[in-house]
Amino acid sequence: MNVRKKSADPKGVLTGVHYLDGDYAIAEGALAAGCRFFAGYPITPSTETAERFAERIPMVGGVFIQMEDEIASVAALIGASWAGLKAMTVTSGPGFSLMMENIGLACMMEVPIVIADVQRGGPSTGLPTLTGQGDMQQVKWGSHGDYEIIALSPDSPQECFDLTIKAFNLSEMFRVPVFIMTDECVGHMHEKVVIPPAEEIEIVERKWYEGPKDKYLPYKPDVDLVPFMVKAGDGYRFHTTGLTHDERGYPVINAECQDWCVRHLCDKIRLNADKIIEYKEDETDNAEIVVVSYGITSRVAWKAIQDARKAGIKVGSLRLITIWPFPDKRIEELAGKIKAFVVPEINLGQIKREVERAAKGKVPVYPVSHCGGWVHNPDNILKVIKEAAK
Amino acid sequence: MKPEDRVEGRHPMEEFLRMDRMPHIWCSGCGIGIVVTSFIEALQKSGLDPNKVCVCSGIGCTGRVAGYVKLDSFHTTHGRPVPFATGLKLANPELKVVVFSGDGDIVGIGGNHFIHAARRNMDIVVICVNNFNYAMTGGQVAATTPIGANLSTAPYGNFEYPFNLPYLAEACGATYVARWTCLHIRRVTKSIQEALQKRGFSFIEVITPCVTLYARRNRLGDGLNLLRYYYENSEIRHGADTRTLDIGYQGKIIVGKFVDIEKPTFLDCMNNHLRKVLGDKYQPWGVKS
Amino acid sequence: MNEIRFSGFGGQGIIRQGLILGKALSLYDNKFATMTQSFGPEARGSACSSQVVVAEERVLYPYVTKPEVLVAMSQEAYDKYEPELREGGILIIDSDLVRLKPSKRKIKIYSIPSTRFAEEIGNRIYANLVMLGFFTAITKIVTPEAIKKALPGLVPSRYIDINIKAFDKGYNYGLEVLEKEAQEKAEEEKTEKTQKLKGKGTKK
């Protein structure tokens, strides 16, 4: 990868040990990552992030604006990102649905932005104040057409902080929207959050173009497939569009250019997936059963895994930190060695589908589904682990 | 000598146009090109550094303007150039940001964004080309279609009340409001120049002919006939009460500059207010020290 | 593991109690403490609660299911949450605001007029800290030093002293209650012993 790194700007870093909820930790992660533009619209259970950013940014230097809706919020982020700032917003289900239009634009224009979705029970207005993990497929497929994004799933306020920084770094590295797929439980849960000194926080700089002005091509892929970027106002007089476009950013309305353009958008993520994907494994080597989990559910599942081990079952854990791109390769490898996967999640099997797809029918995949409103009872996960081990 | 080397073979505005994208897609008799010409002339006269001027468009015939002007230009989603421009402007307050789009884009699907940007007095220029219909999609009824006009989704004639755009803009807080037809080339240019040189939310409506759809379906003739209609039925009334500016089908069009006031912009208000409340702790944004 | 629920009505500072306790435990007592709260329209005005799960290791299940300690500062909260208190658990109430119902459950009950004490200090808004002080003394889950260290950032800086005063008031009252309890227990044991001795004697 063609990546330039530096340490964080101390102005935004609230170094110290804090007791924060996940929503606040996302705001602190954003400020530490150098985010200086936030446009958002209030929605439970994500509003605390906007509130924290609005309170903190005047002393750091930057902009907070409450927009008229979530459509406008993402439009403003894309504008701000083209002007050179790191930009983010936060929302929950209903707002996330409204954002889909301009998420597509951000993908097409290849603009780094970060969006946190503090999931609640859906569909529609659903459960405004109670948890859910029902947007895991929406984040991947919610806007029309073929495209790729990156999505991360934190399991605690500490990870909300850490993964928000990671989200900004990945977003800059790949010129792509990156999503923090948390949920009401983590968003509203207070725990200890350690914010390190600025010099210990690694920040990825945008891939700025430095060649001659008249030679700049906004969509010419670099060796790592990611094109270089410039800022509005720097004299490049570039053009960018949501239409299918060529390397110049000019619209070309035919199948040939569509093929080049769309494959590029997908390939820059798919072919770099190994550099993006992160997961944590525990005792998968000799496991018969592997529990695949993410976010808050992975904590609850961990309790079930411990209980299952006490009962003599060989259970491994694969905790997904990156949800998209999906770790197909690792799932397939494990599928060849184990008896079954168990996938608990607070939806009716959204990531279970992916595990099944990646396992290619080699082993059964047992869902432990939950419609939302609460986290799983660990005993329910344990029951399915036992069933799968039979 | 090759044709492009001859003076008469070159366009005098080439510096501001993406000549590699010509010819453009607009129909003959369409008024959008005229407004683009006025915009470029206004930009040249304004003395602004063109490297610091951005154009944002939405979707529609006028939405294609961003693709033809040789500036940092953004062709965004339908109805969203105003919030896109908001982000661009706030992130780099040095930029002069112009939204150039159609009536369907700005006050139809994007109406909510428009009223809020005006309310906030966001420091952007909005040029709204009004051709009374959705032309890119084949001539459908719009929020600006006069009562009685016939369009493909109003096959028995439109019966909805249309927007009076200057009234809407003024009511929402715009600090500069003008309306012209594309026949008033020099007036349009002057208004755009004034808007470019002004701080605050500026709104310029330019009524233009849509020959292929609106005019044909209503049997109004060609471009020349429509320009004649503008010539015979428009009346300059600067400072007119914007409540009186409704446009009836083939009726009188009151044009002019209706609003030109000074008011602190969104960023002025943000900086002044936060400095007052937070004192030295506040880090001003976009203020040259 | 400990599961604690603070409850009362909106405006009593119930959420703040959970926050202060969670922060004190996580940052200054070297424990893992996860604080959650009830959100939504049902959490406004009427019964309101905050929950803290305390453990020596990372908390896996973040919610309180069968609390070992229930603090109830309103009748409604007591009515709503008392049934889920664990057998052998501790119930702490504001004695002026909660009337106990007859119960055969094996729970320990401690009461303090926390709102009245707060009013004596100057304002009923300090009742939550009086109660937290009482809670600290009774349960010994957290150290009083940790609570005091946790206050900055959670109460306005100019009110820290008075909040500490409120906390100490509740804490000292709690110590007195415990001492009294210990004395009573000792006396009970003594009488029991003597009765036993007497019993032995009579048996013979």
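Here are some notes:
In order of appearance the chains are A, B and C, and numbering begins at 1 in each one.
Definition applied: a residue touches a chain if its C-beta (ideal position, glycine included) is under 8 Å from a C-beta of that chain, and two chains touch if they have at least 3 such contacts.
Predicted model only: the values in this text are computed from it and were never measured.
With centres computed as the average of Cα coordinates, no chain lies farther from chain C than B.
When chain pairs are compared by contacting C-beta pairs, A-B ranks highest.
Centre-to-centre separation of chain A and chain B, using mean CA positions: 37 Å.
With each centre defined as the average position of its C-alpha atoms, the distance from chain A to chain C rounds to 40 Å. Averaging C-alpha coordinates per chain places the centre of chain B 65 Å away from that of chain C.
Here chain A touches chain B in the complex through residues 36-37, 39, 58-63, 65, 67-69, 71-73, 75-85, 87, 101-102, 104-105, 231-243, 250-251, going by the rule given at the top.
On the side of chain A, the complex with chain C involves touching residues 17, 19, 44-45, 128-130, 184-185, 188-192, 296, 299-300, 302-303, 374-375, 378. For chain B in complex with chain A, the residues that touch the partner chain are 18, 20-21, 50-52, 54, 56, 66-67, 70-77, 79-92, 94-95, 112-113, 116, 266, 270, 274, 278, 281-285.
Across the complex, chain C meets chain A through its residues 18-19, 22-23, 26-27, 32-37, 39-40, 43, 58-63, 150.
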